[in-house]
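What follows is chain A paired twice: with chain B in the first complex and chain C in the second.
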Partner chain A sequence: MVISRKPSHLIVAALLALMPLLSIANENHGEATSTHATEAVAPAGEEGHGEGHETGDIRSEIKSHINHHVLDSHDFTLFADDKEGKHFGFPLPVILWDGELHMFSSAEFHHAENGVVESNGKYYVLSHHDGKIYRTDASGTLTEDEKSGHPTNVHPIDLSITKSVLFIIITAILMFFLFTRLAKSYAKNGGIPKGMVRIFEPLVVFIRDEIAIPNIGEKNYKKYMSYLLTIFFFILFLNLFGLTPLGVNVTGNLTITFSLAILTFLITNLTANKNYWGHIFWMPGVPYLMRIVLAPIELLGVFIKPFSLMIRLYANIFAGHIVIMSIIGLMFIFKSWIGSPLSFGLAFVLSILEILVAFLQAYIFTMLTALYFGSANEEHHHEEAHH
Partner chain B sequence: MTIPNIVGAGLIVIGAGLGIGKIGGSAMEAIARQPEASGKIQTAMLIAAALIEGIGFAALFAA
Partner chain C sequence: MDKLINQFEFGLFFWQVLIFVGLILLLKKFAWKPILDAVNEREEGIKNALQSAEQARKDMENLMSNNEKLAAEARAERDAMMKEAREIKEKMINDAKAEAQIQGEKMIEQAKAAIESEKNAAMADLKNQVSALSLEIAEKLLKDELSNKEAQAKLVEKMLGDAKLN
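What follows is the complex of A and B.
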């Protein structure tokens, strides 16, 4: 991250760092006022337990709010006012494959009286338990499993444009335009990039000179550069989108990091040369008995490498979102003069730390991917391997 | 979350913290000895720290 010495740039950077505070505080604000209202309605019932019950209520509300934020959803809510029951945002298309294609807007779930949407003679309902769509009957009954509490209804194949999918598409379009412009400006100005996009040049050069060439080698690095650049900027942009008030959590979603890791796994193993497989199944330079012992361990390592890539990115971003939102939630639990400055200060510092983490995780993912590609392309330099 | 889970999570965090702290401290010493190699040392430090972090997170999910 490059922060210029100019104070104005620092102020802009600080304001950007404060942006998550804005969105999350906004959403919680609506909920906090709603609990005030319910408290005012029923104060006479249990006066002794009123205070404790109310803080417990806010705690569970903050908890459910955080749980809702970190999951994917079928509509895009910018902020909500629970007191008046208003949601500010827009619905997203729902696409289901259930024997045939069903397409409808997710707004229909809110407009229908009991949340049941009819499409081509089949009925669907959005479960509030896990945010997934289930097939149901006209009255909308969901049978729940006693042990886990998950609905046991038929779950159709869901190809909807959810919030995460929307942001993956937006990032793809953004990256396409930014980097096409960067590439074009090189051709136009005789090798010197021009305009806003040139801020990406140092990053591209950094990935080539510090990540690709030292890890993969001068000979083979070119065929992996496009993939390395793509995952670096994809993860970086989505991490940074997660810190804006839009409230998306794409790279903190296990399915998305799984897809990224499996791409790395496939490219590593499909482009590997015979030395790579030789080092796995018949390790050169060790006694014969050791080779038999080492083979299963090395084979396990092939799968553990992408698995750790997947878990690392997911857990870092997921934990970052939860910590920031919990600290902002402190404001509503303390309810005294100390709460707001404390949670404001902590959230401010943590947001700056999260920007660092956004860059660091994109770097680590790209770095380790390059390292695995390098190991798949290693030439044999052991003397005994020549005999 | 039950008490054994919480204690286990605490132990994992202590272990991972000690490991990453050792890496960071050694990298500092190495950079102080050879400032011209700081780039290479930082890269190696980040990789080692990331590997420990990965194990730590995997254990936290199991806990």
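What follows is the complex of A and C.
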């Protein structure tokens, strides 16, 4: 019996692998219902719905569910009952800045008639088309741009605590709790970590010895360590949260990856030394004419580097979520004894792959960030030896 | 591209940057710095411990070689001392022997001299005794012999004969 040799490993692996399936299966129900609900509330629904054809119905439901899942949302739905149109979850606070501060619960969008919420004399509606809040009138009309289909209504500055923001806060608190505990356990036990938190020590040492020091160098790596460690664990935790039954897609959100990339961009360029700028605008070791040609290319590279960071993380996580959810969706479309277990098995394998991707993308992002920091800190003599 | 740009949410960006930068600063103060310091300290400690162990090993080696040197020295000294002692012993024996011989010879000489003188004295004494006895005997005999004429004559004759024999 090979299976019984390491039963605990197998069970843990199986549970971990099953988690995202559970989540997405739940979400599938829940989000699909919420789509229902919002469509029932907002008359401007344009999803191909209720055409009588059953598979078409499920297909469009799955499609709209996936579209909703990968985007941020203003409330937190754990699961819902499709037939009764009830959600089980909780609303999140909506904070808008539209000349003045407006604050109300996102539940009001569902409770109010037409989905229009009145706050301080202004009317707002949640567009189910792109999940954004728009200013509207009392009847809740949304004028749509003919070309793109986006509402042309005024979009107030939306500082709501959305699902993603909630998970960023949870991750931040979790990280703070875990790593301060790790830090304290050193002091308490005379330099040797104790308890569950010590599983993070190898990762911390790995980032220092395998990512920071080889890429940045002994001399300068210390000032970047806090950023590298924070960004690694932040991305890792959020990637893994995306695979849990909670089913959030934070690192697969372009805004998040943009903000992480822009921080890397800013730190790289603000801490860069003379040599780094010299390499961009006046490349040493090449003919003068070439230097003029190279300068704009190098300058472009400064922006392309963080851009590639942003797209890489976003695309990997986003695609992972879409693929897994599509395959799970197939289960509901096949509804047969062969097709459903097949797609279940496929989803199972892909989920395990996604766990690997979660670690890999966190590693790659940190690794490339360290590489850019290293290029900003390269010493002159090193360059001369290079050319 | 338009779809991607449309996905950008200012609010989410605002919260993310705010929370993330705050998290970096907080963790830097309360977690990363203590953790990295502790790890560094521990690594330094291990390095130092290894170094001091190596040093101790070297010291031990030095000590042992020193000990060996000392032992060898002591052994050499002992050997030298024993050799010296043996030499002294032999010399003493030889000296004693020589002296004893000289002494013995001297004693023998003395003894010989003493014996000689004793012998001489004894001889002298003997001679005196013998002459005294002879005189006595001669006196007695003369007394006896002189009482009888014949006997006297015979005696004189005899004595004369004896004296001739002598």
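Heads up, the rule we're going with is that the second predicted complex is superposed on the first by the 348 of 387 C-alpha atoms of A that agree within 3 Å, B and C clash if a C-alpha of one lies under 4 Å from a C-alpha of the other, contacts with A are read in each partner's own complex, and residues count from 1 in each chain.
The criterion applied here is as follows: a contact is a pair of C-beta atoms (placed from the backbone, for glycine too) under 8 Å apart; a residue touches a chain by one contact, two chains touch by 3 or more.
Keep in mind that this is a model prediction, so the values were computed, not measured.
Participant: Judging by the criteria at the top, classify the pair chain B and chain C on chain A as clash or fit.
Facilitator: Aligned through their shared chain, the two binders fit side by side on chain A.
Participant: If we overlay the two complexes on their shared chain A, which of chain B and chain C does A:286 touch? Say first, second, both or neither.
Facilitator: Neither partner.
Participant: Now for A:308: first (chain B), second (chain C), both, or neither, which partner does it touch?
Facilitator: The answer is first: A:308 touches chain B but not chain C.
Participant: With the two complexes superposed on chain A, say which partner A:208 touches: chain B (first), chain C (second), both, or neither.
Facilitator: Only chain C is touched by A:208; chain B is not.
Participant: In the overlay, answer first, second, both or neither for which of chain B and chain C A:364 touches.
Facilitator: Only chain B; A:364 stays clear of chain C.
Participant: Look at A:258 in the shared chain and tell me whether it touches chain B only, chain C only, both, or neither; answer first, second, both or neither.
Facilitator: second
Participant: Applying the touch criterion given at the start, work out whether A:356 contacts chain B, chain C, both or neither, answering first, second, both or neither.
Facilitator: neither
Participant: Please determine whether it is chain B or chain C that touches the greater number of chain A residues.
Facilitator: Greater contact footprint in residues on chain A: C.
Participant: So after the superposition, what angle do chain B and chain C open up at chain A's Cα centre, nearest 10 degrees?
Facilitator: Here the answer is 70 degrees.
Participant: Of all C-alpha distances between chain B and chain C after superposition, which is the least, in Å?
Facilitator: After superposing on chain A, chain B and chain C come no closer than 7 Å at C-alpha.
Participant: In the superposed arrangement, what residues of chain A touch both chain B and chain C?
Facilitator: On chain A, no residue contacts both chain B in one structure and chain C in the other.
Participant: So in the complex, the part of chain B that touches chain A is made up of which residues?
Facilitator: Per the touch definition, chain B meets chain A at residues 39, 43, 46-47, 50-51, 53-55, 57-58, 60-61.
Participant: Flag every residue of chain C that touches chain A in the complex, lowest number first.
Facilitator: It is residues 2, 4, 6-17, 19-24, 26-28, 30-36, 38-39, 41-42, 45 of chain C that touch chain A.
Participant: Looking at the complex, which residues from chain A come into contact with chain B?
Facilitator: Residue positions touching the partner: 210, 214, 307-309, 311-312, 315-316, 360, 363-364, 367-368, 371.
Participant: Chain C touches which residues of chain A in the complex?
Facilitator: 71-72, 95, 130, 132, 148, 150, 157-162, 164-165, 168-169, 172, 175-176, 179-180, 182-184, 186-187, 191-193, 201, 204-205, 208, 225-227, 229-230, 234, 253-256, 258-260, 263
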